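Here is the structure we will look at.
Just so it is clear, A, B and C label the chains in written order, and each chain counts residues from 1 on its own.
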Amino acid sequence: MSAILRAQGLGKRYRRRWALADCTLEVPPGHVTGLVGPNGAGKTTLLSLAVGMMSPTTGAIEVCGGRPAADAAQLAKVGFVAQDTPTYPTLTVAEHLRLGARLNPAWDDALARARIAQLGLDTAQRAGKLSGGQRAQLALTLGLAKRPQLLVLDEPVASLDPLARREFLQSLMEAVAEFELSVILSSHVVSDLERVCDHLVVLVDSTVRVTGEVETLLATHHRLSGPRREPHTLPADQQLISGSATDRQSTFVVRTDAPILDPAWTVSRLGLEDLVLAYLQRSNQPAPVLAAASAAGPTLLAVRR
Amino acid sequence: MIEFSLDSRSGVAPYQQVVQQVRQALRLGLLGKGDRLPTVKDVVASLAINPNTVLKAYRELEHEGLVAARPGVGTFVTRSLSDGSLAAHEPLRRDLRRWLTAARTAGLDEESIEALFVSTFRAAEEKTA
Amino acid sequence: MIWLTWRQFRAQALVVAAAAVAMVTVLAATGARVARLGREPTTVYEQLTRADRNLFFAGIVIMAVAPAVIGAFWGATLVAKEVEAGTHRLAWNQSVTRTRWLATKLTVVVASVAAVVGVLTFAVTWWSEPLDGAQSQTHGNLPARLTPVSFAMRGIVPVGYAVLAVVLAVAIGAVLRRSVAAIALALAVVTFLQIAAALWVRPHLAPPVVRTVVLSLGTLDGIAVNGSGKVLHITARTNAPGAWVLSNRTVDAGGHAATIPSWFDTCLPPPGVGVVREEKSDLGSCLRRLTDEGYRQRVEYQPADRFWTLQLRETALLLLGSGLVTGFCFWWTRHRIS
């Protein structure tokens, strides 16, 4: 199966600053791919490039086999729910559906109406009067009823309360189950993505840090804790992701395909959030120096969120 | 029909949680032969989880021979795990309740009770293994 | 796409349409009487009421302001408001390319502004025609339609300014991404262009007629004198009613622009204040002496029958400019907005 998104040396520069640099990435179809990273890491830039809202400075990006937003047919293949889920405040819910129907040849009106009814939205209500959660659901409805192959969502739940967040993700997952849709969604909160994503892309400081199937990532990353030792003494097949230490104890997060045999270590599984955090920590301290241990407790590396 | 729930802090992969919950329902007689499992769409809509997680769980259950998928209709239970033993559940539960009361009167708090049960359970398992 | 454009545009369109209908109604109600007066060209000015004159000048002011204002308000919001609200990210991710999105929006808005301003200018031009350039023997006159006071408020030129104002406002809005600032800047730019056109472009749209006049009591129009009795300049009559006089200068024997010789100051009869109109025998001899010394009066003007030629050429220029700005709008929207 060919990739639903393929980026080759992709970069985007705003004046002097590179918002995304040398990004080479393949996202397989049929997955819900989570794009995580701290604010300002380049998530919105990558997604904007993917939907053709902007053009790359360097490299190339291909989505659903074509150049993003190249023509109407390409636009029809990709749905986009932008950050803060913009809608027209003076247009009613019904008028938004009409907008979708007029502007999308593959529009699924039955789906749109069923969803609006299921959500209990008043079709005569102006979008400006909807709650944040309802507006997000309306934007999602527009994105889904367009019947795209790929739906891209930029921080869709960031501004929602926990209940609306849950309802939004339920709606999204229901649609994924029903339409075999590929989804790429970004978030700076990993716990939002933990259940919904089966593929992960971690973006830190404008570059892709790690990418892969969630299950594989969880199976190959381990937290080792044991007596203090220097990181360079780890075996060659264990890639150090992050580490911290006290004067007596070392804790490392490593990536390895091989089993960990050293009996000195207590090995534990990582949750998705811990895994992502390990990569974020690494970005702050590219080569973790485990000196300067405090007697008070483990040295915590600051995490940028 | 059963409902699934996920504990995101258990450390158990979500698909395994689904598998375990189906097995448990089969053991407790909540699900019997011929019963239909919730559709992937229903599970996904209630738990807000990735459909592939549910599909994977159902595939594993199918592989174990516990359920069979009938395309376009649903996934059905083909075998029960409760046969025979189900009748014994009630007296065993009564014994366990009595034991719990005894443990409380002996001054054990909840944590101690759990620890005692788990360690005894493990020790017994090791002996049989 | 047309439906969405209309849905977003209808409120502002209806407000303007209502105002235009009101104005056309007023002009239609009073126009017949003005047309009747116009049949007596020599006495038309004397028969005008104060209300007629007010309406005449109101027509000029409205046609000076309406194209820029309507254009700026309709154009500035077109892209800028979408970007301000982030809704361009919704609109541009439907199955419609942003080029088609902009093309449809521009077509609807440009056609609407051309239609509204077209109707207004037709009504005002029709209403004012009998009065344009009306002369009175005793007190004052009304500006001719070729003069800068009313040229751009008659005929088809207002449509040109309206179209230019719309596309300029769209372009400025797209660049600034702020609709209010775009309205203000577009208004300023269009106003500047209206003034600049009258000052520097329109006089050259067709080569002006140049006539050299021998100054005499019969051809003299006026003499301007400053407070200390120094003659500043002399003007001659053109004998071309309704013409737009571009320059009216005294030249020496060599044909070069000349200052009035100083003896002329003292030659003039007192009380040389302002413009002299009365016939004076010694004024005639002063003018004769000027002529004898080789001084002539050179008058450059656009004759009244050039009105439609100039209208067409200025409108064509405005539409050409609008076309360039439109091209810029497409380029900017495609490449510089995300």
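The rule we apply is simple: contacts are C-beta pairs under 8 Å (C-beta built on N, C-alpha and C of every residue); 3 or more make two chains touch, one makes a residue touch a chain.
This structure is a prediction, so every number in the text was calculated from the model and none was measured.
**Student:** Which chain lies the greatest distance away from chain A when centres are computed from Cα atoms alone?
**Tutor:** In terms of C-alpha centroids, the chain at the greatest distance from chain A is C.
**Student:** Give the identifier of the chain nearest to the protein's overall CA centre, each chain being represented by its own CA mean.
**Tutor:** Located nearest the centre of all protein C-alpha atoms is chain A.
**Student:** Would you mind pulling out the distance in Å between where the CA atoms of chain B average out and where those of chain C do?
**Tutor:** Centres of chain B and chain C (C-alpha means) sit 86 Å apart.
**Student:** Provide the C-alpha centroid distance between chain A and chain B, rounded to the nearest whole angstrom.
**Tutor:** About 32 Å, centre to centre.
**Student:** With chain centres taken as the means of their Cα atoms, state the distance from chain A to chain C in Å.
**Tutor:** Averaging C-alpha atoms per chain gives centres 58 Å apart.
**Student:** Multi-chain contacts only, two chains or more: what residues does chain B have there?
**Tutor:** Chain B, residues with two or more chain partners: not present.
**Student:** Can you tell me which positions in chain A touch chain C when the two form their complex?
**Tutor:** Answer in residue numbers: 48, 51, 53-55, 69, 71-73, 75-76, 78-80, 82-84, 86-89, 91, 95, 98-100, 102-106, 139, 142-143, 146.
**Student:** Which bits of chain B are touching chain A when the two form their complex?
**Tutor:** 6, 8, 11, 13-14, 40-41, 44-54
**Student:** Which positions of chain A touch chain B when the two form their complex?
**Tutor:** By the definition above, chain A touches chain B via 30-32, 166, 169-174, 176-178, 191, 194-198, 215, 218, 269, 271.
**Student:** Which residues, counting only chain C, touch chain A once they are in their complex?
**Tutor:** Checking each residue of chain C against chain A gives 1, 3-4, 7-8, 85-87, 89-90, 92-98, 100, 335, 338.
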